[in-house]
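Chain nomenclature is as follows: A, B, C and D, assigned in order of appearance, with residue numbering initiated at 1 for each chain independently.
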Amino acid sequence: MRNFGFSTTKSRTIDYGDIDRRLISYILENEPTFNACLSCGSCTAICSAGNLTSFNIRKLSLQIRLGDLEKTHEEIDKCMLCGKCLLECPRGINTRNVVMLIKKGLTIFEIKDKA
Amino acid sequence: MNIEGKKQIWNAYQKEIAENDYFYARSCIRQNFFPASEVAFLRILREELHKNIIDDPNHTTCTGIGYHSDIVPFDTIQTVVARQFSLMTQAGLEHMAISCVTSFGIYTEILDLWHHFPEQLEKIREYLYKATKREFNLPKNIAHTSDVIYKFRNEIAEKAKYKLVNKQTGEPLNVVEHIGCHYAKMFPTKGVGGAEFPQVLVGMIESWGGNVVDYPERRHCCGFGFRNYLVQANRGYSISNTKKKLESMKPYKPDFIVANCPGCAMFMDKWQYTLAEMEGVTYDENGYGIPVLTYEEMAGLVLGYNPWDLGLQMHQVQCESLLDKMGIEYDPKAKYLDKNGNQMPLPEKPSCLKV
Amino acid sequence: METYFILPFTLGMLFLLIVLFIKYGLWITKLSHIDKLRIVQSIFTRRSWDAIKESFLEGLVHRNMYKRNPLLGYMHMCFAMGWFLIIVFGHVECYMYYGTLAKAPWYPIFFQYYVHEWFPGERFMTNLMDFLLLYILTGVLLAYFKRINSKIFGIKKTTKLKPLDRVALISLWFIFPMRLLAESATAALYGNGGFLTNTVGQLFVWIGVNSSMESMLWWGYSLSLGLFFVGFPFSRYMHIFTEILFIFLRHYGIKLKKQFNSYSRIQVYSCSRCGVCIDVCQMHVANISNNQSVYILKNIRDQNLTDRKLYNCLLCGRCEQACPVRINLNDLRISQRIRATKEFNSDYAFLQTLPVDEPQMIDSKPEVIYFAGCMTHMTPGIKKSVLKVLDKAGVKYQFMDKEKGACCGRPLMLAGQYEAAKKLIAYNREKILESRAPILLVSCPICYKVFKDDYELGQITIKHHSEYFLELVNQGRIQLAQSEKTIVYHDPCELGRGCGVYEPPRELLRMTGQLQSVQQEKVNSLCCSGSLGDLSLSMADRNVIKAETLKVLLQKNPDVLATACPLCKKTFVKGVDVQVKDIAEIVAEAME
Amino acid sequence: MIDVLIIGGGIAGIETACSLQDLGYETIIVEKEKTIGGHLNDWDTLFPTHRSASEVLAHYTDETRKRALTIYLNTYVISVKKQDDGTFEVHTSRDVVFRSKAVVVASGYKLFNAERKEEYGYKIYDNVLTSADLEVKLKDLKGEFKTPTDKVPERIAFIHCVGSRDEKSGNHYCSKLCCVTAVKQAIHLKQLCPKAEIFCCYMDLRMYGPGFEEMYREAQEKYHIQFIRGRLSEVGENSNGTLQLKVEDTLAARPCKIQVDMLVLMVGMESAKSTELFAQSCGLKCAPNRFIQPLDHHIGSNLTNVEGLFTAGTSIGPMSVFDTVNHAKATAFAIRDYFINTAR
C-alpha cells in the first residue's frame, strides 16, 4: 500500500444500525432508571472522582448508550462509588448500581479498552 | 421515492436562463484537467445549438480558490469579478455562462451583495476604474454552463446518437449525479431544482435515457473543500469525505458518476485511484472503479463525439467499460495519439485499479 | 424378626453421624491456621464453659428468641429442650434397667418396646418420659399452627421451604406423634405406660389392638426418625448442631473475615430460620419480601443467590441485632458481595499521580486531623459547624479533605469492592499518619465505620464529632446553652449498631435541648433508607421506607429532628417540615 | 342584531358559545368547514391520558345539539367591519351580512407545511409522515401498524420542532405542544410495535403541563424510547426504501447516522391563513408570530386592540385542548364584562 503522506480517518459518526448494545442492554435490564438520564450533569459536577481526575460519569453514560466502549474500563475504574451522584440526581437514577453494572457487564462480555 | 413530490419542488425552483449570446467564463480546474470538456461545450453550443458565445482570452481566474483559501481578500475578488463583467460589457453581451461552480457561487454571492449593499458596488466600480480604467454593467442573467446544457437538453436529445442505456440489456444506465456545493447550497433559488433535490443534471440524464440513482450521501461534499485539500496535512480529511460518498453509492452499482463542478469531477475521479493505492479498495464490482464524467463529456458521448476528443483518456478511472455498455465505437489504438496522430507517452499503470 | 423396625432409625443415625463427621471435620480443618491455634489454646479455658452455658441457653432454652418472641421461643424450646431431655432420660432409664450404658443406641430410644416389666423407679421414669413427650407434642402442635397461620406468632411471613426441607419437616412432625402412638399401643398390649401413654393406650384397647399393629406403629416411629436423620444434613435442621459448633468457635475468638470461608459457612448453617430477621426488616414497608437475611443464607447454601437480592439490602444491621443465633449477617452479606465482584476491582492508579498537599501546619503537630468525607461536603452546614466549634474551642486541626479528597472506602466495602477499597484506605491512611495528629475526627459515620474496622491506625483514636464535642464540653473548652426546644435523636445505622456510639450524641442533646425518647431507638433504631449499603433500591421505595421511619421519629412532634450523619440528614430533609439538624449544627448554635 | 358572532366552530368557538348561552347571550357560529370540531376531527388520542379525541368531540357535538346553537357551516368570513355605533358587520362567503354587538375570533390555527423543510423529504420519500398524518393513520388503524411502504417498522424516528423555533421556516416561536405529542405518539407506536426502536430527536424538551413530564419519563424508562438531543439536518433514502437520517448527538458531540423505516415530523402550529385575511379588514393587530396579539398578555389575553373583538383559543398562539377550553370560557366572561360596561 502506498503512502501519500496522509490517510483516511475513521468516521466519528455513530451508526445506530451498528451499535454495540451489549452493555447498555445489560444495564437497562437490571436498572431501567438508567434511561431516564437527562444529561443535566449534576452527577459530574458533584463527583468525588471528578474532583480528582477527568472522570465524567455523564459523558461515560452517554458513550455507553451509543456503544462507544473504547475507554469505558479505564474511565469507570476512577469511580469510588461514594454515592454523591445518587443524592444529586434529579431523576433518581440508581447511579451506584449503574456503575456496578457497568463494571460487571464489562467483565461478563469481556469488553476491553482499546489501546 | 415520490416523483410527483419531487416535481413539485422542481417547479418551485426554475430559474431564468438566457436564450442566446453568452459571455463564457472559464474554469481553472476544468481548463487544466478537462480542457476537452470546454472545447466540447463550445462546440455543442456553436455547432449543435447555433448559439453565440464569446470566449475572451483576456478573461482571468475569478481567484475563487484563493478566496476560499483565505489568501485573496473579498474586495480583491470583487474587483476581479468586476473586470470580467467589464469584458462582457465590452463584448456587448449581457449574459454570463460560467463554467466553474466555485466561480458561479462567487458571481452569485457578489451580485447578491451588491444588490443589498449598493455602496459596495460603487466602491468596486471605483477600484476597478482606478486599477484598469474599465467600467462595467451588471449582467442581466448569469447561468452555470450546466444550466445552459439543461436548458437545451431536449434539443441535444433530438440530435443524440447514443442514449444513456445499456445497449446489451436495454436497461437505462444507473447514473450518480453530483452537484457542486456552491451551485445551489448558498442560493437555492439560483440553481435549477433548488439545493435539496437539484434538477440540473437529473434533467439531462433523464432526457438522455438514463436512470438517476438517489443515495443517502447524495448531498455530501465531494471532499475537495479547498483548504482541506490544498493543505497537504488536511488531505486525509478530504479523501475521507470522498470515501464516505463512494461507500454510500457503491450498493447502487452506478455505471458512472456525472458532476457539474470541475473540482468534484476531478476529486471523485482521482481519489478513487488514491484510495485504491492506499487501501486496496475499488467501488465497482470488477475493480476498475466508477467512471466520472463532466456533463460536457456526457453530452459529447450522447452526441457521438469521439471519446478521445472528449479527453476521456485523461481520467484516472478508465471509461472503456462505460463506452462498451453504451455501444459507443472507439479505436483503442487511438487512445494515446495526439491530434497529429503521434504517440503520446503512456501513463504509468496503477498498482490496484484495473485499466 | 419384628425388631427389624430399628433398622431405619439405626441406618439413618449412622448416615447422619458419618455426614456430620465429614462436614464438620472439613469445616474445622479448613479454618485458618491461626483460628485453629485459637481453638487449641482456648479449649481448656473458661471460654469452653461459657460456650457450654450459651449453648444450653441458646441451643436448648432459646433464651434470645424467647425474649423477642415468646411463643416462637417456646416452640423452639419444646423441640430442642424436650428432645434433649428425652434422650438424656431415655439413657437414664436404660441404665436403671440394664445397669449399664453400654447398650446399643436403639435400646434407650425404643425402650418401651423392649422393656415391659417393673424395675425400681419404673413408674417415675415412665411418667417423666410421658411428661417430656407431652411437652414436645405441645411444641409440635404449635409448629402445625405456625405453618397454617404464621400470624398467631406475630410473624409477617414464615420461611419458604425447599423439597428436602419439606421431607425433614414432615418426618419431624411425625416423630413424636408416632412415638406417642407406638408407646401407647405397647402400653395397651402390656397394660403399663405412664399418664399419657396409658390413657391413649386405653383408647387402643377400646378400638382393639394387636401386636402387628403395635409393630407397625414402631416401624412408623423408626421410619420417621430415620427419614429425619437422612434429611437432616441437607435441611435447615443442620443448624441444631452447627449452632453449637458456632457458639464454641465464637467463644474461642474466631472472627468473620472479608472473604467467605469455612467459618462463614458454619455461620450460614447455624441459621435456624426462625424468621426473626424477616420480622425486623424494614423492606416490607416497600413490599420487598424476598431478600431478608434468612433467604440470603438459604440462597448461599443452595448457591442460587441473585445479584438483585444480594444488593437489595440497606445493611442497616437490624436483623443482625435481632438474630438469636448472633450470626454476623451484615458481614456475611458483604462477603458474598466481595465474592460476586472480585473480578472487577479498580486499582485507582490515579491516586499515585495526585499532587501531594502542602503540609498545613509545619511547626507544631495538629491536635486533630479532620476528615469531612464525601457526604459531609454535600451538607455544608455540618462542615461549617464542625469547623466553627473547633475554632471556638481553639483546637489546632488539619483539614484533610478540604479541597480534594479521596473517598474513605466504606461505600466500596459495602458494595463488596474490597480490593478497591484497600487502595483508597492505603492512600488515606498514609495522609492520616503523616499528619502526626493523635485524633482523627470524622463527621460521617460511614467513614467512621471503615476507619475503625479497616484502617489499622495504631495509636490514633478515631472520634465522631459527637464524641469529640462531648469531650470538649467536659474539658470546659466549649460551653453550651440549653434551650426549650424538644429534640428527638435518630441513631444512624453505622454509628449506632455499626460502631456502638449511642450515648455521646444524646448527652450533647440533653445539654442543648429537651431530648425525647422514641419508640424504636438505639439498637432498635430504624434506618433512614438513604443507606449506601443498598445498590438497587429505587428512590420510590426508599421514600416509602423513609416515610415510615419518620412516622416513628416524629410521633411526639418534636421541634428538631437530630441526627449525626450527613446522609441521614440529607435523606430526611426532603419531605419533612420539622427542622432536621446534625449534632454539629446543634452544638454550634448552642455555643452562642 | 345578535349579541355575539363567533368565527370558527372548533372547540374554542363552541365552548365560547356554550358559556355565552349560560350567561344569557345569543350567539351564532360561522364555520368554514362542513363540520364542527376543527382539528379535533383528525386527532386520534389526546395527551397526556391517551384519551380518545372523539370522546371530547362527542361532548361538543352533544352540547351543540342540546343547546340548539346556531351554526353556519361551509361559510368563511371575508371581512369584519366595525360600525360607528360600536357594532360589527361581518361579510361572509354567503350573501347574508351578519350584524352583531361583539365578535369572537376563534379561527384556530393551521399546521406547518412540512414540504417547506425540503431536506426532510416530506412528500418525496414515501416513509416520511407528519405528526398529523400519523394521527389520522392511527385513527383509521385496522390490524397491524405498518409504514406507508407496508412494512412493520423496526426503527422509527420522531423529529421535534419541524417548522418551530426555526428562522429558516419563518417561525421563530415554540409551538409548545409538539414535544408532548411526540412522546405520546412514540409511546403509542411502541405499544403497537413493541420490537421497534424509537428515537426522538429534539432541541429542547418542553414538558410544561401537568402529567407531561411523567409521560416523558415513562417513555424513557418503560418504553425505552431514545431521546437524542440534536436536530435533523437531512434525510436520504436507501435503496430498500429506508431513510437515513443525519443528526448530531450534541450531548456526545458526535454526528449520528440513523436508519429508520419511518420518519415522523412534529409539525408546529401556525396562525390560520383566514385569520390573517380578515384581521386586516378590521385593523386587528397581529404579533410578530402572525397570531393575533392579545391586548394584555397577563390580564387580558381574550381582548384585542379592537374593542368588542375578542379571541378564543389558538387564534392567539399554540394551545392544548385543555388550555383552549379554559381560554374560551374566560372569553365568555370577558364579553359579559364588555356588555355590562357598554350598557352603563
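Operating definition for what follows: a residue touches a chain if its C-beta (ideal position, glycine included) is under 8 Å from a C-beta of that chain, and two chains touch if they have at least 3 such contacts.
All of these numbers come straight from a predicted model, not from anything done at the bench.
J.: Which chain's C-alpha centroid is most distant from that of chain D?
T.: Of all the other chains, the one whose centre lies farthest from chain D is C.
J.: Pick out whichever of the two, B-D or A-B, is joined by more C-beta pairs in contact.
T.: More contacting C-beta pairs are found at B-D.
J.: Of all the chains shown, whose C-alpha centre falls nearest the centre of every protein C-alpha atom combined?
T.: Taking the mean of all protein C-alpha atoms as reference, the closest chain is A.
J.: For chain B versus chain C, what separation do you get between their C-alpha means, in angstrom?
T.: Result: the chain centres lie 84 Å from each other.
J.: At what distance in angstrom does the C-alpha mean of chain B lie from that of chain A?
T.: Whole-Å distance between the two chain centres: 46.
J.: Express in whole angstrom the distance between the two chain centres, defined as the mean CA positions of chain B and chain D.
T.: 46
J.: In angstrom, rounded to a whole number, how far apart do the mean CA points of chain A and chain C lie?
T.: So the centroids are 38 Å from each other.
J.: Two or more other chains in contact with one residue: find those residues in chain A.
T.: Where chain A meets two or more other chains at a single residue, that happens at 33.
J.: For chain B, give me the residues that contact two or more of the other chains.
T.: none
J.: Which residues of chain D are in contact with two or more other chains?
T.: Answer for chain D, listing residues that touch two or more other chains: there are none.
J.: Who touches whom among the chains?
T.: A-B, A-C, A-D, B-D
J.: Across the complex, what residues on chain C touch chain A?
T.: Against chain A, chain C makes touches at 307-308, 311, 341, 343-344, 346-351, 354, 374-375, 377-378, 404-407, 409, 411-412, 415, 417, 424, 530, 532, 535-540, 567, 570.
J.: Can you list the chain D residues touching chain A in their complex?
T.: Counting only chain D, the residues touching chain A are 155, 197, 199, 217, 220-222, 224, 226, 229, 249, 251-252, 254-259.
J.: For chain D, which residues are in contact with chain B within the complex?
T.: For this pair, the touching residues of chain D are 115, 118-119, 121-126, 234, 236-239, 244.
J.: In the complex of these two chains, what residues of chain A are touching chain B?
T.: It is residues 1-9, 11 of chain A that touch chain B.
J.: Spell out the part of chain A that touches chain D in their complex, as residue ranges.
T.: 12-17, 28, 32-33, 35-36, 39, 59, 62-63, 65-66, 68, 91
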